[in-house]
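Each of the next two complexes has chain A plus one other chain: chain B in the first, chain C in the second.
Up next is the complex of A and B:
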């Protein structure tokens, strides 16, 4: 227990130190991107007294620099200062203003060459490596902060949507039915959180790399945008698993786009410092979460496959479970005594839902012998009839065919198959029936194994490629 | 000394000259150029176009520190100050230059060593 406590403290302190270091690194890098907030207040071009000729020369020099804004401003101010002194000195030697300006500019040499040499002086390999390393570190911090911010943002959006839909519902406006036991909400929340995390991570990486390596953010952004789009894009489409829905998949697909936008949009300007707004947002979020929790307290919000088998013969089952929709029951006597199916079971979520029809282990003959005259033994999954949001009660008679079929493996005391309901977009409530073709060539129902409720559990790619 | 030959000789010595004049105190860019000319009696006058890249490279290497300071006339100026690392670099460069100039003296003067 003591070790757990120490581990917890070390975890919080270590994680906090990481975040503080990452944010400090970002701020340090950013100071070189914004002339207005840097450590040195630099004079503007106007203050430096540029005239047309010197301005044109300085424009050409700075066009070659491709440095962060603060460095460009410093170089320009320094050269303007130099030219001012040089011109004054030449005028004192008797040259008129125009000739003095020409001579002073000539002494500085080619503007393009000077700009290139200055850029090379700033952009050393050591600084580039520092920029790359700092960018990676800052991206880690940005991802964590972005994820936390994304959760708050997603909850705020959910709150707004909830309020709007409540008002519309009260006004009698027809709304789409999104009662999918929280799958839409969960997938959208996760997508928005990761999108915000990926965007902030990329932005932090660009700005920190640019500041530390003394390169213009736009020249750095293309590399981080490519890396972020590929990395986060792969993760959002193939790696991020969980509850899914069409809105959630749409958000997932937007993640690489958001990364590219975050790398380029307004990247030359300083990032907004949230300050007291952060406190206000947190307070609003807490209130919002409380309201949402109250509003959805009756709803089931869960992901993954959670089959709830309801065996035949339960006292609360309806009289007509519409099993005849599947096939007529096999005539009595076509199966030896003791070989009646009476139950089912499920396997672990990651291995699909294992459906097993079990018979009496003390039956007179093994199942393989009893089924000798039957062929094409299979389990059929039918959409279930929902009388209650969490429990399936028989087959929905609105459907005329199963939504999934699996050939059955016949063992001595059981028959089984695996269904991947967690990979089927519209599985939802289901009921599984065992059928086979009898000696007369007609398909019969051998028994109902049970029903349950499944949630899609996979990546955006799984969702897009899943069978209906 | 013809300008072309002087330019070739000066190539690579800007760092040494800059560090040398900054050993005596903080200076800004134009002042550095003037100070080099004064100290050499006008013999050395680094190309102004090469002075600023050299100053910025030395700053990036940690040999110099730069800061914007108020000036008595006009806008703020960027002053350079030599650092501890810069003093070490100066000693190293001065030693190399002494060995080089001695060797050149012997070679040009034809003195046997």
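Up next is the complex of A and C:
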């Protein structure tokens, strides 16, 4: 195992700094939005000495403000302090209390106009830009925290489902057999994690940008809801690739709805406080998982879900592999040099599975010449028995047709085609046979190029539009 | 501070801009509350005038990061919001207010 320590340290420090900065920014926005945790302790109404006329005036000003709660409280306290001072000065000049109050209020002008001017003063373009930038930054931190929280939530759900299914199984209740190598579980877990991450990121963005731009969360939620639904929706439906299943795709499709709900539902309520310990636990989790990831990536040279390929040499088939289900074997005499096809090859799953029929290097004539009397040369992919080779092997004779067909490209020394088994919902075990229509007009089997097993690897959209 | 009569809506921006300028000039190096700024402004003209743009100007300067505000208690314990200019560098020793 070899770890690039410089990169590792830079990653940990950088990621930790980002997370701490994002949480600090969220807290700053929260302090602005929540009167209970505001940055300053404002004078109470009693201290300000509001009377009826003053209170009514201040009520009208604050009704026009439409600012976060802390700003409203500060403006009200400041104006009350100003009026108190102004009334005292006018009383010192000889005016009675009622006239002094009236004059002091008149000098401040119309309450509605003052409130509007104050709102415009607070909601400056610079603060709006700061709010947008801060919202994006906070969304990044929220996505990380939400993702980790989503993993915990998903694991908790998995444990609950496991307990329930175990109890039902003991009671003899018939349960569906998923038998998909954990694809359903993995896709659902991933979907829940991303859904939680997207929801928390959107909520962080709304609350933080509202606090920084001095706007009410509900007034800007629509923009973050739209941006989040488009951004996270695109990612969950088109960008997030991996194992898929119908329940997993259903969760993915719900992510844009969850984002919109997160932007609006009870958005005026304060966010739960994220303490130092929560940040520390997240950091330790991320660092630990990252180091494990580094270790595994160094230890393993393989990645993805490459299909398992079983090559077969046709002349040495030990058992009946049911190849006659596909087509009768081509007469040897029709192929110069006899049976000259060997096994196949495969490429990475995410690029498709490359199927190649290799020509005997000692063949007397090039493949193109040998295939001159054949047409409609193609590879046929049939469902196979590789799930349990000890029981059976080869093509599953329960099927009467291939589940995928690809025209073959004939080269001098090989014939090939690319299958996208990873884009098929239930490719599972497969076996590929090379066939062509012979001089007599009948299709014959020219050779088999092996089999393998593939799992779906793509986006939710790929799953929805998959041929099988 | 505006000393003229009530302006039309179209003049508001120009008046607010002038009020911002006046307030910023008056602040100088001191930390002043709204009423204290008003008293300094009304030292020159005899008419106390129209105060309607004082706080929009102060809050606008604060939103533009030109000045900063904080709550301070006076000798009687009453709290006032005071404003002071933002400084890129701290003032030299001996000139601290």
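FYI, the second predicted complex is superposed on the first by the 339 of 468 C-alpha atoms of A that agree within 3 Å, B and C clash if a C-alpha of one lies under 4 Å from a C-alpha of the other, contacts with A are read in each partner's own complex, and residues count from 1 in each chain.
By definition in this document, a contact is a pair of C-beta atoms (placed from the backbone, for glycine too) under 8 Å apart; a residue touches a chain by one contact, two chains touch by 3 or more.
Because the structure is a prediction, the values reported are computed rather than measured.
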Can A:371 be said to touch chain B (first), chain C (second), both, or neither? neither
Thinking of the overlay built on chain A, is A:117 touched by chain B (first), by chain C (second), by both, or by neither? both
Between chain B (first) and chain C (second), which, if any, makes contact with A:127: first, second, both or neither? both
After the superposition on A, what does A:86 contact: first (chain B), second (chain C), both or neither? both
Where on chain A do chain B and chain C both make contact? 40-43, 47, 74-75, 77-79, 81-82, 85-86, 107-110, 113-114, 117-118, 120-122, 124, 127, 214
Okay, in this complex, where on chain A does chain C touch? 40-43, 47, 74-75, 77-79, 81-82, 85-86, 107-110, 113-114, 117-118, 120-124, 126-127, 214
Spell out the residues on chain C that touch chain A in their complex, using ranges where they run on. 6, 12, 16, 33-35, 48-53, 55-57, 59-60, 62-65, 70-71, 78-81
Where on chain B does chain A make contact in their complex? 28-30, 47-50, 52-54, 56-57, 60-61, 67-68, 74-78
Quick one: which bits of chain A touch chain B in the complex? Just the residue numbers, please. 40-43, 47-49, 74-75, 77-79, 81-82, 84-86, 107-110, 113-114, 117-118, 120-122, 124, 127, 214
